[in-house]
Each structure stands twice: as C-alpha cells, then as structure tokens.
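Structure, as structure tokens:
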Amino acid sequence: MRQRVRPFTGRQTGLPYAELVGEKMTVQKNTPLLQTQNLTKRFGSVQALSGVDFNLYPGEVHAVLGENGAGKSTLIKLITGVYRRDAGEILLEGKPIDPQSPHEAQALGISTVYQEINLVPTMSVAENIFLGRQPRRFGFIDMRAANARARALLKTYHLDIDVTRTLSTFSIAVQQIVAIARGVDMSAKILILDEPTASLDAQEVQMLFTVIRALKARGIGILLITHFLDQVYQISDRITVLRNGERVGEHLTAELPKMKLITLMLGRELLSETESSGAERAAVGDAGGAFLRTEGIARRGMLQPIDLSVARGEIVGLAGLLGSGRTETAQLIFGVARSDAGSVQVKGRKVAIGSPRQAVQHGFGMCPEDRKVEGIIADLSVRENIILAMQAKRGWLRALPARKQEEIAQQMIAALHIVTPDSSKPAGELSGGNQQKVILARWLASQPEFLILDEPTRGIDVGAHAEIIHIIKNLCAQGMALLVISSELAEVVDYSHRVVVLRDRQKLTELTGEDISEDNIMRAIAEQ
Amino acid sequence: MTDQRTSSTPAPPRPKSSILSSLGRLAAGNRRALFPLLALVLILLGNWLISPSFFSIRVVEGRMLGSIIDIFNRGAPTVLLAIGMTLVIATKGIDLSVGAVIAICGAVAAVLISTTDLSPYVVMLLSVGAGILCGLWNGILVAIFDIQPFIATLILMVVGRGIAQLITEGQIAVFNNPTLEFIGKGTLFGIPFAIILTAIVFVIVYLFIRRTALGLLIESVGANARASYYAGINARLITLMVYVISGICAAIAGLIITTDIKGADANNAGLWLELDAILAVVIGGTLLSGGRFYLALSVIGALIIQSIQTGIFVSGLPPTFNLIVQAVVILAILFLQSEEFRRPFVRAWNRMRKTA
Amino acid sequence: MRSHKLFLSALLVLVLAFTSVLFVAHAQDASGAGLTIGFAQVGSESAWRTAFSDAVKAEAEARGINLLFSDGQQKQENQIAALRSFIAQGVDGIILAPVVETGWDDVLQEAADNSIPVVVVDRNVTADESLFVTRVSSDFVHEGRLAAAWLVQATAGKCDIVELQGTVGSSAALDRQQGFNEVIALFTDMQIIASQSGDFTRTNGKEVMESFLNSIDPATICAVWAHNDDMLIGAIEAMKEAGIDPGQDILTISVDAIPDIFKAMMDGDANATVELSPNMGGPAFDAIVAAINGETLPRWIPVAGGIYFPDTAAEEYARRGGQ
C-alpha cells in the first residue's frame, strides 16, 4: 500500500505548463476558453487565493482539486462574479471579463451547477428550465411551448421524463441534469460543476458522466470540483491542484499517479489509515457490557425490527448500500423518528426515546448525514455551534458563561484542528470538512457516552478525512461507544470492531473480528 | 474595491491579529447599528429644523413636557411590541395579533376595575394574564399544531377585537382609578411612567434572554430549526415562550394605551400597531427569515417610526400628507440600509479616494 | 296533528296577507300604526350606533309599528340578505342604514319591483335615485356651523383655534370642517392656527393635542375644536397633564354628544357639544308613510341635532345611560 513519494518542492509550481505536460499533451493547446492570471483574493486576515493561474480549454474536463480551504470555492466564486477579485485577470476566449454577479457570468457563457441545486423544487421541470425566460405568446407564458421545448431539450441528454411533474419528485441525479440542461441551454461555453456527484449513487454517477462526455464532445469546457478521486480519474482530462490558496500543479490526468496527486493535495504523505490490527479488535468484548441495546425496534415503512448493541469502547459499523436502512436505524435510535415496536436499553435500563432531546439526556450524540440541513447552523458562530448541544442538555435556564463558552470552543478548535480565524466566524463560512468538525465538536462538548456518526467523512477532502477517522479511533480508545455509518467500505472495515450489514431495511448479518473485510461485507449484501 | 493590503509591515504576531480581528468584529457590529442610529439622528435633526423648540423640555407640575418626551412616551407601546416581535421574528415567526391583544388586555383591565372591587394591582396582573393566555394560544397553534405563524396569529388578530368588543359591550369602557392610571399617565422623577416601565421591560427581557441561554436557542431555532432539533433543543418550548413574551409585551402596551386615556376602546386601541412593530424590527436589522436578532436596534426602529409621526404633528403639514410623508421617509431609511442600494455610492466614493 | 298545524298556519298566512292588503289599500294615518317595517342596521360597532338602534326601536313601539330589526354585523352581504328576507316577507317599507355606499342597485331594484318603499338613513348610497324614496341623515355641515356659531358667541368673534380632524377623507370630517370654516371665515379674528387628524380616537386625539401644546405656546390657544367627542376627551387628558385647565384656559367644542362628554362637562372640563342626532327613526317612518300615501318627498331629509352645555349635562348624562 505504501509508496515512497518524492518530496514535493515549491519550485515545481513555477514550471511553465508546457514543461510539466511535455509533448504528450493531447488536448488542444491553442487559446484557452477561460484563463485566470495571478488571481488573488483576501478575506480579512485569510489569504484565500494568491496568484492563481488556471486554464480551461474547449472540450476538456478540468478537475480542480484540493483540501478544504485550498481555494476551490473562492476560485469559482471569483470566476462567476460572486466575489470581487483583489488582483489578477480573468480572460474569456482571450478577452478580459469582469462579471459582477453570477447572472452576468451566465450571460457571458459561464454556467454553474452547485451541489445544492439552485432550482425551485416545487415547480415543474419545464418551468425550472425556462424560469425567467419563458416562451411567450400574446404576452402570456406559453406553457405548452415550454413543455415541448423542455422535453426536446432533455431528450438530447437521453432523459425521457414527464417535464410537467414537480422537480422535487425526481431523484437528485435527474435534478442535477435538469440544472445542467438549463445552464447549457441558456448559453454556456463553460460549465462549472461543484461536487455534482456528492449525493448520487454509482449508477446515477455514470448517468451524469454520460451527459458530461456528451457536453465535452460539443466543445464545452467543464470545470469540475469533486472529492471523489476515482471519479476524477474516470472523467477528467486535466487536474489543477490547489493548496492554501496557491496552485501547486497542473497535470494531465493520465500522467498523474493517484499517490502523487494525494501528496500534492496534502503537501505531506498520507497517514496510513487503512491498516488495523486484529489485536486491537480482540481487545473489545462484552466485558464492559453493552451501553446501548435495541431489541426489535422498528417502524412501519421505515425499518424492519432490528437488534443491535454497542459497548463502551467499541465502534460498530453500519454497512449497506444507499437506502438499505442505515440512516433510518440511526434515526430510530436517536429519536428523530419514533419506533413503533421493540425496546431500547441504555446501560441495562429500559428507556423510551421519543426525540433527540431525550436521546441527548441519555448521553447520546449524533452527527447527521445532511450536514447543511440537519447539522450546521450557518448563521451562528463557530463557538455557538460548538456549545449548542451542551447548552441544550443543560436547559435554557442554565446558560454557559461567555468565558466558559470561549474556553470550550478554543479547546475544540485546537483539538480537532478546525481551521477558522476565530471562534466568532459564522460556521456557514467554513469549508465542508471544518463544518463537519464543528458538528463533531458540538457533540464532544456535550460529553456523550454514545455517538452516532452518519457519513462523517462524506464530501470532505482527503486530509480532513484522515483526521476525522483518527478522532473516531481516539474517542473509542477513550471508552466512548460509537455507531458509525459510512458508504466507504474500506473505512468501515478499518475502524469497526463489529459490522452490522443491512439490506432492504433489514439487518442481514453481523461480522466480528477477523471476519470483517470488504469482501465479506459485499458478499453479505450480495447473498440471496 | 477597498485596498486591504495597505499594510506592508511584516505579518503581525498572533495576539495582535486577534486584537485586530476583534476590532474588526466590533466595527462590523457597529456598522449594523450605524444606519438605524444615523436614521434616528437625521430624523430628529429634521424635526429640530422644522420646530426649533423640538428638543426643549418644560417642567409643569413636576412633569416633563416636550416633543422629545412625547416621542418616548407615545412610542412606548410600539417599543414594547417591537421587543416581543423581535423574538418572534427571530424564530422565523410573526405575531399579527398584538394589536388585538392590546385591545383585549385593555378591555379586561378597564372592565375589571370599573365593575369589580378588585385591587388595581390584581387587575394589572389579570390583564397581563390575559396577554399570557393570548400568547399561549398563538404559541400552541404555531409550536404544537405547526400552523403557519402568519395564519395562526391572523386568527387572533381578527377574532381578538371581537373578543374585546364583547368584554366592553361595544362601548368605550371608561374608569377612574388613580393607581391603575399611573401606568399611562403617572410620572416618576418627572418622567412619564410609561417610558420608565418600557425601559424596565426592555432590561428584563434583555437579561432574561441573554443571561439565560434563551437568546442563543431562539437564534438557533430561527436559523435552522431542523439542525436545532437534532442538537436536542426543545424548539416547541422556545417557540411557545417567544409568543408568550410577545403576549406579555402586548398586554403591557395595552395597559399603557388604555390607562393613558382612562378608557378601553376595543375598536381602535392598538389598531395597525402590529405593522409598526414589524416595521420597527425590520428597520432594526432583524431578518424576517429568522436567526440573529437585535433587540436594542428594534427599539431604535420603533423610536424612528414615532419620531416621524411626532415630526409630522409638529410640522403643521395638512393631515392628508401624513401617510405619504411616513412612507417616503421609511422607504428612504430602508434604502439607506440596503447594501445593494448603497453599493454604487460606495464605489463612486472609493473611486474618488483612489484618484485623489 | 300535523295537518291541523299546517291548516292553521296556512289560515294565519291568509289572514295576514288579507289584512296587509287592507292596510295598503287604505291611506295610512300619519303615525304608521300597524305597518310592518324592516330595518337593516349596520351593526353595533359604537355607542352612538347602539343609541341609534334603540331610538328607532323605541319610536316604532311608540307608533305601534311592527319593526323587523336586522343587525348586519358591519357586512354588506348580511344587509343584502336581510333586505331580501324583508322583501320575501312582504313588508310595507324598509329602512336601510347602509354599511357602504355602493353595490345596492340589484337589491333596491328587487324592492322597487315589489313596490316596497326604501328609506336610506345615516350614510349614503350611490344607486339610481328612483330606487329609494329619500335619505334621512345628519347634516354634518350644519353641525360644523353650529359649533362655530357657538364659539363665535363665546369668544366675541376673536379666537385662535386648534382643530382635531376626524379620519382623513371621511364625510363627517370633511363636512364638519367645511361648515365650521364657512362660519369663522366671516370673522377676521377667528382663525385655525393648527390642524391635524386624530382619527376620531381618544388616543390619537391626546397625542395630537400633546404635540400642539409642545409646538405652540398654550397661552395663545383660545379653543380646541374636535370633530368628535372622543378626540376631545383625549385632548382634555393632554391639557390636564400639561397643567392647563380645559374648559377654562382653553375652550372646547366638539360633536356627537356621547355620555362621556357630559361627564366631562360635569367635571368642568368641556364647554359644549353638538349632538349627532340618533333620532332618525321618526323622520324615516314619516317618509315611508308619505311614500305609501303617494306623496313626493325631498331627496334628502336632514336631521338636526341640538347643542348641549354644562347646565343640562347631569340630566343628559343620566338620560343617555352614563354610569
């Protein structure tokens, strides 16, 4: 697994592009479609982007990679006019541009599709596609024409759906493609995709990639931001790596080995996280007694009866495909949904948990799957986000003194390496990985005995990923009981003492000790 | 574009940068307060230009009199409503019923004091109790039955005046009781008691929400209700409490308005005052979409509205212009607060500075 | 049993119909005794309105008129429904106190088709004149004139007046202002030195008076003229708080004659009030009788209220149900 990598030196960044790529360059080398030169942006004391050069050629997929806070978001927000640059140039087909808003950028031919799709979920597909530019007839909106045109448009994306249906009734993948179709139809030379695959399953990802390839063939330049390295190698032609606001390299994908890429992104060697000793596993048994034991908890239409136990100092992994009932299990345990059968025991005593509030009182904590909606409170400061669960546990009457709040926040910021200028920054302005750490900090501050983590590493860059796994293991070592859900099997295998495998909202089997392996989990899922 | 890289000195050491950032935060906080305060000062200055005696205070029989006193005294009910409304709006709610609650609580006080032998202090408590009941009603509809706040409080807004009319039997219920009248007509150290009472309520509410964790939890629920639920916050209790606080504020406003004229006018007491309160909150910078709230700035907002009103009265302008002048001035304030509106001016200013 | 009841009620209806035909056939005596008249009232939103309803009921009882009273609860649709039911019951005449001015054409036409005379009282309607007999209402302009005339007398034609207007744009405010100004225009030393709307409410009356007292030297104010008693009662509070003796330092004149203003007069705080007469029942009944008898009537029958002073205040206060 390990690989020696030549230490990366900053001098390499100075090399001209052609030198780096050599003669093997396959994509067009003429004028770039989009070019940034020396792009620079500062937020207060944070240098978000410094002197970044970036080139996007027609008909290529150019992935921009980097850790959280590397400057990916800032780069696209400067290009699309969300932020004003402090210095540098943006050239579109060789001509300098200065978009003042995403709207202006769109008019220039730069379309952006964000992870949180910027469409109206309650309107029909056709209405969404033509929103603000509906075909008119005698001054009235001609919905029939709009529907027909929307249908024809989506056909070109091999999407044959009822365009009069409400957008939200379709899967995220379809919504994503609708958003792309809208953007490209409105005039796009350049399409920016920000984490398009974050909430798609494997099949949907391939569906999206088919669309991307078709757009590529039409000569559209695509700027892709993603955390999925496998997907980068599958779809992109070129990679620009950013770190701490600087460009550390631009490479043809075909010529950049994965390990080298990771080293570029991190600026250091990857921690070895995929090895775990069997001895460590053996150490945990039933000695401590189960902290939590569920017997047949279930809810109609949500989850079949499930038995589960988690001991102190134990990590139980929940594995299964998307929709197998992993999140539903977590929700029933945490009281987000009420179970209509079975019972729950905490430390051997039967308890009734009907809401997260009650769960918290029993010493539970839960980092939910949907960080933006269920986790972070974007308007509140990092400090307030961190002390929130602790405060909720104490009740509204016993406020934490400001000094104590700051103390806890600083402790957590230091312990979890949360990157923020200070604790009063609104949490919504942090990068995804740091937001996840803030939510983790929120629960750690409440000193839980049992922590549920639902996809704690999703949508997080490599560095933060490794750190979070490190934290999980540490917490376990300190005697916490943990239930962890993850789509990444390697990760589950790595840290779990036991793995509960789910399929179709039902528990299939439980793997322990040496039986825990990716093969065995997949075999369990695949078994008839 | 402001040039933020002017300091070519070497990178400041760590503690200094934290001082700088906290200074930055202070400036950002002040900037929020800047525009409402600026608007208030401008309007008061305008009033002073119209009526040179605007700031003069006379003392007659131990009572301070003057236009500036009027602003605080007449603005007291709106200030009280704005305090409660700020908290409700911070939870992403709205309370349209406060005007009607004023009528109900005023009616309760007037009818009880004139038809029973209850002590005036008991009457005050019962009147505030009526406000609590109204708040509970709104809160239960919103928090327990999940009815949209707009609709839930609209019910009491419509029915409330009817209830008040039932209590007063359609008449203006008049009474004579010096103790009760002290709320609206009395003075303490020459200052109208309504002003002092409002200041006390403000301090109590402020301490109540900032010394407890209520303020934080209100902001949390308003900014992201779902995430707050996951964090174990009892959002229902919080929501219930803000509507009850709003009800109490409206009840006290009702007592002031009713005792001021020694009569409960079910038809007119607090009429449309809910809209003034909402406007005051908006001028103060609290967003209708919930989250962060600014109690003191809402009070400034309410005083701005009253200053415009009092200014129009002293101006001698024909009353036909009242509403137009109000609308124009308020529009100007909202423009002043709009970053989008200011941007071209700020840019022009920066360009001038750069060329200079 | 049931057929008996049916038979009896059928008989009753026949007898009633017959007698009413008899009444219609014969010329009415002036009092209107025995007539059935429907009265569609706005509602009971104010003390004055209640007094108005009571006065009509008392008048009907005194005259031996069978009055069908309908409270419209301030809704036009209720009033229209009431009118339709009056028509269906075949009343001899209808008194309509409309909540709004427009939208009455259809239902008035139905009444006309059934030859039922309609008299509009209090507020006006904008319908074809042929659809109703006449309008009986207070004369707001006259009230303004009366108020001004008293003030001229009381001050020997020399007075600086502050005015508390009613709700901007309301006919009561416009007409009272017009009548008052017509009269004082005749006297060079009478003038309005400040004027602002107090929306007909006590709270606003007090607030506006306060601002007057702050922006004008109170010693220069000779009188306050309020378009209704409620605003004046508020203004009295403001004057007292400013150490001014209302009724003495500053004279007061207002309109409506509600019980509370008589209380103020008893306390020496108010000088005079012009009555907004709620006694529109008599003239309305007279109009209906005249219409049945085929007489032509003027388009508008004004009802004049008197002016009241402190000397009769105690008496009036008791008579008008003040506690």
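Labels A, B and C are assigned to the chains in the order they are written; within every chain, residues are numbered from 1.
We adopt the following convention: a contact is a pair of C-beta atoms (placed from the backbone, for glycine too) under 8 Å apart; a residue touches a chain by one contact, two chains touch by 3 or more.
Only a predicted model underlies this, so the values are computations on that prediction, with no experimental measurement involved.
> Of the other chains, whose C-alpha centre is the longest way from the centre of subunit A?
Of all chains, C has its centre farthest from that of subunit A.
> Please indicate the chain closest to the centre of the assembly, with centres calculated from CA atoms only.
Centre-most chain by C-alpha means: B.
> Taking each chain's centre as the mean of its CA atoms, how far is subunit A from subunit B in angstrom?
Centre separation, subunit A to subunit B: 42 Å.
> Where the CA atoms of subunit A average out and where those of subunit C average out, how many Å apart are those spots?
Subunit A and subunit C have C-alpha centres separated by 73 Å.
> Sort out for me which residues of subunit B touch subunit A in the complex.
So the residues of subunit B touching subunit A come out as 1, 4-5, 17-18, 20-22, 24-25, 211-214, 216-217, 219-220, 223-224, 226-234, 237-238, 291-292.
> Under the definition above, what is the set of subunit C residues touching subunit B in their complex?
Subunit C residues touching subunit B: 44-47, 49-50, 165, 168-169, 194-197, 199-204, 206-208, 210-215, 230, 233-234, 237, 241-243, 260, 263, 323.
> Could you list, by residue number, the parts of subunit B that touch subunit C in their complex?
That would be residues 51, 53, 60-61, 63, 65-67, 70, 74, 114, 165, 170-172, 174, 185, 257, 260-263, 265, 267-269, 271, 310, 313-314, 316, 318-320, 322 of subunit B.
> Quick check on the complex: what are the subunit A residues that touch subunit B?
Going by the criterion above, the answer is residues 42, 44-45, 84, 86, 334, 336, 355-357, 359-361, 366, 368, 373-380, 384, 388-389, 391-400, 421-422, 424, 442, 446.
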